Amino acid sequence: MSVIATPARQSTGGISARTVNRILIYSLLALFALFYLMPLFVMLVTSFKTMDEIQSGNMLALPQAPTFEPWLKAWGETCVGLTCAGIKGYFWNSIKMVVPAVLISTLLGALNGYVLTKWRFRGHTLVFGLMLFACFIPFQSVLLPMATILGSLGRFGVTLRNATGFSFGLGNPTVNLVFVHVVYGLGFTTLFFRNYYEAFPTELVKAAQVDGASFFQIFRRIMLPNSMPIFVVTVIYQFTNIWNDFLFASAYAGTGDAMPMTVALNNVVNTSTGVVEYNVNMAAAMIAALPTLLVYVVAGRYFVRGLMAGAVKG
Amino acid sequence: MAFLEIDGLRKRFGSVEILKGIDLDLEKGGFLVLVGPSGCGKSTLLNTIAGLETITEGEIRVDGRTINDLHPSKRDIAMVFQSYALYPNMTVAGNIAFGMEMRGVPAQERQKAIDKVAKVLQIGHLLQRKPSQLSGGQRQRVAMGRALVRDPKLFLFDEPLSNLDAKLRVDMRIEIKRLHATTGTTIVYVTHDQIEAMTLATKIAVMRDGEVQQFGTPAEIYNNPTNLFVADFMGSPAMNLIPATIGGNGNALSVVLQREAREPISLALADAPTGLSAFHSKPIIFGVRPEALTDPEGAERNASNIATADCHIEVVEPAGSDTFAVTNLGGKAVVARLRADANIQPGTSTPLAFNLTKAVFFDPATENRIL
Amino acid sequence: MLRKLLIGTALGSGLAFAAHAQDVKEVEMLHWWTSGGEAAALNVLKEDLAKQGFAWKDVPVAGGGGDAAMTALKAMVAAGNYPTASQMLGYTVLDYAAAGVMGDLTEAAVKEGWDKSVPAALQKFSVYDGKWVAAPVNVHSVNWLWINKAVMDKIGGTEPKTFDEFIALLDKAKAAGVIPLALGGQNWQEATMFDSVVLSTGGPEFYKKAFNDLDEEQLKSDTMKKSFDNLAKLVTYVDPNFSGRDWNLATAMVIKGDALVQVMGDWAKGEFNAAKKTPGTDFLCYRFPGTDGSVVYNSDMFGMFDVPEERKAAQVALATATLSKSFQSAFNVVKGSVPARTDVPDTDFDACGKKGIADLKAANEGGTLFGSLAQGYGAPPAVANAYKDVVSKFVHGQIKTSDEAVTQLVNAIEDAK
Amino acid sequence: MTTVTTQIKLTPEHSARPGASMRSRLQDALPKIVLAPSFAITIVFVYGFILWTVYLSFTNSKTFPSYALTGPRAYQRLWRWTFESDPPSSWYTSITNMGIFGFLYIFICLALGLFLAILLDQKIRGEGVLRPIYLYPMALSFIVTGVAWKWFLDPGLGLEQTLHQWGWTSFHFDWIKNKDFVIYTVVIAGVWQASGFIMAMFLAGLRGIDGEIMKAAQIDGATTFQLYRRIVIPLLRPVFLSAFIVLAHLAIKSYDLVVALTSGGPGGSAWLPSNFMYEYTFKRNEMAVGSASAVIMLMTITAIIVPYLYSELREKPR
């Protein structure tokens, strides 16, 4: 066997052994790319098909007569509950909830990481450990107690409004969602920044102290400007998670004027009567996913770089 | 009254005591080097002077004023760090000016100060670069510039040269020395490199395990180490520390060194320290620096007490300016420093001159010098 | 940027609240009717209210046949933000009423005569402690067969009157190469079908004792065992891909003629309507063989919450509009169900609807109107879901024999009580 | 010379400037003040709620929380269900599925992530295109991709049917309809979603390895395989640990995955503990049982995570 095998290997050997190797690597990579792209491909082709074609044809086939109709319908016409104005309006709802939630949780995470690495005090590991473990709490089990507290805050908001004419956002569903996502995002953002700042040279902080910078000046002028990589990672992570959250969104902001994208999408997609308009559903799903997709594609390169910069380290 | 005074300084982390009562002082314009192996507490001591770490007990005074509780920026100090600690997001100019910016110095004055410092350190062409675009030596200069621009009462250096290659290190060492000479500022300098300590300091504090082992001028430290640790740590090549016993009688004590497969050497001591008589027939550690152990021709002419003994040479290391010879005494490799042209072969026996005026003796139990 | 956003939302909420001082002319309505015919049907109500000057604040939460909506409701109630009304099912209404969060519509009920027109079986769920807490929207009936007429004609089948005839009919379809039985392999669909099987196998008395009174003797009887055997027989007629299928896809199989029959509640008719099919010519609706004369029902209700005084008027308007004859007729024609009050004229209904109305009336009077256990009208959710577990495990083979199924059923129900 | 401890700050020269002393004390406390809100929030909204859940698990709470303690009945039921394997109780199914799913999901994600990262690290042209392709599934919620996966795995619509149309009629892939295999389809979809993210972590780890170590190993005559097995993979240990944490928390929180893909699977055969908890708390109105299952989940997480946290945080004492 080996007698035959050796010359056979040599015939492909020499300069081409490397070539064979490269071809193998590239085909494997391409194969996996197909695996990862498949659901996206199915969704994409389906969203351009007519209903007739979906029912009669193969799900993997390209559309025979591509149509933008489903996309237009999903964007501007499809019904979310009893309101039939498409999902476009819910974009803004999600954005005005996601942006503050991401920024606040990231900023707090950065501050926490800064304190936990550069201003250590006795018991800092315990504090960090406790905050980190918080990442693991199943959200289903906090749904009700959290609702109770949000309700009390809301009633306090009403009292405040009666007293001062201003509720400070208490009781507002968007503010509630921002609060919830900040609370349950803190563990992760703190983890990310703490690991990053752990490797961040402490001497810079000392130098800045000698230079007369205060606690916050050091944070703003020294730490933050040098935190870009981890900032990107944290923002991507938080943005995706909060944008995609359905549980909290449906429980705390199901009402029409604050309803985030995922709840609206769920109301479009998750129906069990009538002919399911798969093409519209897929188009709606794609539209709802665009921001997160965009974030990953645009910032993907920085993502790996950011992970390199410290999030990966224990 | 000294310019910098440190009294009974203690620092504890929980139950671990890192600084165990430090007392130091430094005259104005002095250059104090804190030297010791890593973990000896020298950097912590520097940080407490800077105000970057709190102290548990004791007092630090600069120019008569207690600064224990002052914020680092209020202590009128400047610090150069081992990693230079240049702010990566700012240009060189921004780095140099950051401290002034924090103090609210107007932009025009800042610019003037930057220009002045840039001239002194010859870094004018680098001002608009980011630290990542600089070489190691350039970063070092910028870090010094950042300290210089503050014109502080006290300069603190935390192992500033340890990240440079050998040649640059020598250059920068001279640069710092010159800077000290021209500006006349008071400097506290941390290093683990005893050559830096010897060359730069006006005062050296040798530290170990949170305690100052010896505090004095470089010459005192070098010639009169108070204990085994200081003797061993300072000097390169290190002092030969040879286990020996004290022989002889009454007024004429001698030190007896064991040799391999030969009868011991006995060196008569002319003016032995008074404490040594108590160690008669007892083991001691005999300390002699390599330059005090030479070929008889190269021995110091006016030394009062030179003893010569035949030694078996094991290794010869010509180093250009000198030749080092290694022999074995008291079970230890002993280095002798001979003239460069000394004609000596490994494997042969040759007479070596012990300059006993420079010799020191230690009690092996306490490790302290016998005086 | 951040600060602006925060202040913006805070301001917005402040203003929104500051607006209402007196009566709030708005109903806030939580529901899971988000699609197709159901949403269209609900729109009728929205427009009725709009005519009276009440705005409709929609809180739709689709998914899981109301599961997601009920979770949202629980959160809203925990927070103390009760909606004006919520779509609810059976025992859930009673649970919320027991928790003291439901409103009181008795005044309107007396005025409108709901006591007399709504079947007593429904009032069990809409009245708690003598107070009206919910407005029933419709009555669905579970024990129906939905048959593709073209396929029926092709195989020469006739209406099956007994379970054995039903099996014979399914055999015919099988021989003709059609999928005999369209089933969605989700636990509630399997259990819904089993409701009918039990009624057919054991008769009305047995069904009531077993599935409404949860009488252990009946639950472990041979009749129950036989019911499981019959279920097992039926399952042999489904296609291999039935597992996990949505019910409307199963209905679509019948509509398209891929399958002969589906055992499903009358909401399936909404699908036939949406596909522009006519009863009698395109499809047939028969009672599940052996269950004629009895109705296994479930009902969508609008639970009315204990809202602040200024929102009461809108709530009463909503409840009154819901139970108005015109809405009951218009809504149920679209939805496929029958009106929740027995005095609504059946003129607008199709043949199946007319039969449904007549059957409901007869069953109401004859005492053969039973709550569906699968749909949460036979027993509280813990029991109902335990029941669904057992049926589903039996269908999918985790439980292998009818003996075992009966034992499991008794244990599960006992455990969940 | 008197020694003055820093704790006693009211030496005369200090009390002369009380304002400055106040301010400096504030400065000292500032880091803690900054951290305090986050910490307080965590204590209340995580640990407070955990305690609340533990409390509820000892009551007979049904639809709504009830606060009268009635003993460990919920745990007794779970304990009994733990051993009901034939027919499997929902709890038994959930925890065995968690075992299967947890192990395979974490193992395959780690293996595939590492494998892809190593491939991508071979100086691949087009890495910029491939990387987002592997990464993007993490960006999408399963509300979005669940339908596509459901179709793809459905024998009547997806892969099986497609291959039949292309002529391979003997091909069978009906795991999603099979009670014994449905959990593996959940693994497939889960791996699809998370492995790209893990790949990115490994890729970052690989890029962070000192190139000289690799060169040294090559000079020592290590083959590529040996190089990775003996040198690179051991060096990636911290990445493995971080990835494990990420995957463990995703696995334990996997809920949407099961619902969107299988609606619970045939006869509830695809349930995971989070599905069990949700079902019992919200659908079956057995809040005590739901709470008890949540407590058991948390205890399991604690048993896995706390040793890791302890070792990680203890390694760098300072």
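By letter and in written order, the chains are A, B, C and D; residue numbering begins at 1 in each of them.
Everything that follows uses one rule, which is that contacts are C-beta pairs under 8 Å (C-beta built on N, C-alpha and C of every residue); 3 or more make two chains touch, one makes a residue touch a chain.
Worth saying up front: this structure is predicted, and the values here are computed from it rather than measured.
A count of contacting C-beta pairs for A-C and for A-B identifies A-C as the more extensively joined pair. Comparing the CA-atom centres of all chains against that of subunit C, the greatest distance is found for B. Of all chains present, the one whose mean CA position sits nearest the global mean of protein CA atoms is D. Computed centre separation for the pair subunit A/subunit C is 37 angstrom, with centres defined by C-alpha atoms. Separating the CA-averaged centres of subunit A and subunit B is a span of 55 Å.
Centroid to centroid, with C-alpha atoms defining each point, subunit B and subunit C lie 89 Å apart.
Subunit B and subunit D have Cα centroids separated by 53 Å. Multi-chain contact residues of subunit D (touching two or more other chains): 27, 278, 282. Residue positions of subunit C with contacts to 2 or more other chains are 64, 71, 74.
For subunit A, residues that reach two or more other chains under the stated contact definition are 144-145, 266, 269-270. Against subunit A, the residues of subunit D that register as touching in their complex are 27, 30-32, 34-35, 37-39, 41-43, 45-50, 52-53, 65, 112, 116, 119-120, 122, 124, 128, 130-141, 143-145, 147-149, 151-152, 157-158, 161-162, 165, 192, 196, 200-201, 203-205, 207-208, 238-239, 241-242, 248-249, 252-253, 255-256, 274, 277-278, 281-282, 290-291, 294, 297-298, 301-302, 305-306, 309-310, 312-316, 318.
Of all residues in subunit B, those touching subunit A in their complex are 14, 47, 50-52, 71-74, 77-79, 81-85, 87-89, 98-99, 102-103, 146, 158. Subunit A meets subunit D in the complex at residues 25-26, 28-29, 32-33, 35-40, 42-43, 46, 58-60, 108, 111-112, 115-116, 119-121, 125, 127-142, 144-146, 149, 183-184, 186-187, 190, 198, 214-215, 240, 243-246, 262, 265-266, 269-270, 278, 281-282, 285-286, 288-289, 292-293, 295-297, 300-301, 303-305, 307-308, 311-314.
Interface residues of subunit A, counted against subunit C in their complex, comprise 79-83, 96, 99-100, 103-104, 143-145, 147-148, 150-152, 154-155, 157-158, 161, 165-169, 171-172, 174-175, 178, 247, 250-252, 254-256, 263, 266-276. Every residue of subunit D that touches subunit C in the complex is listed here, in rising order: 62-64, 77, 87-88, 90, 150, 154-156, 174, 176-179, 259, 262-269, 278-279, 282-286.
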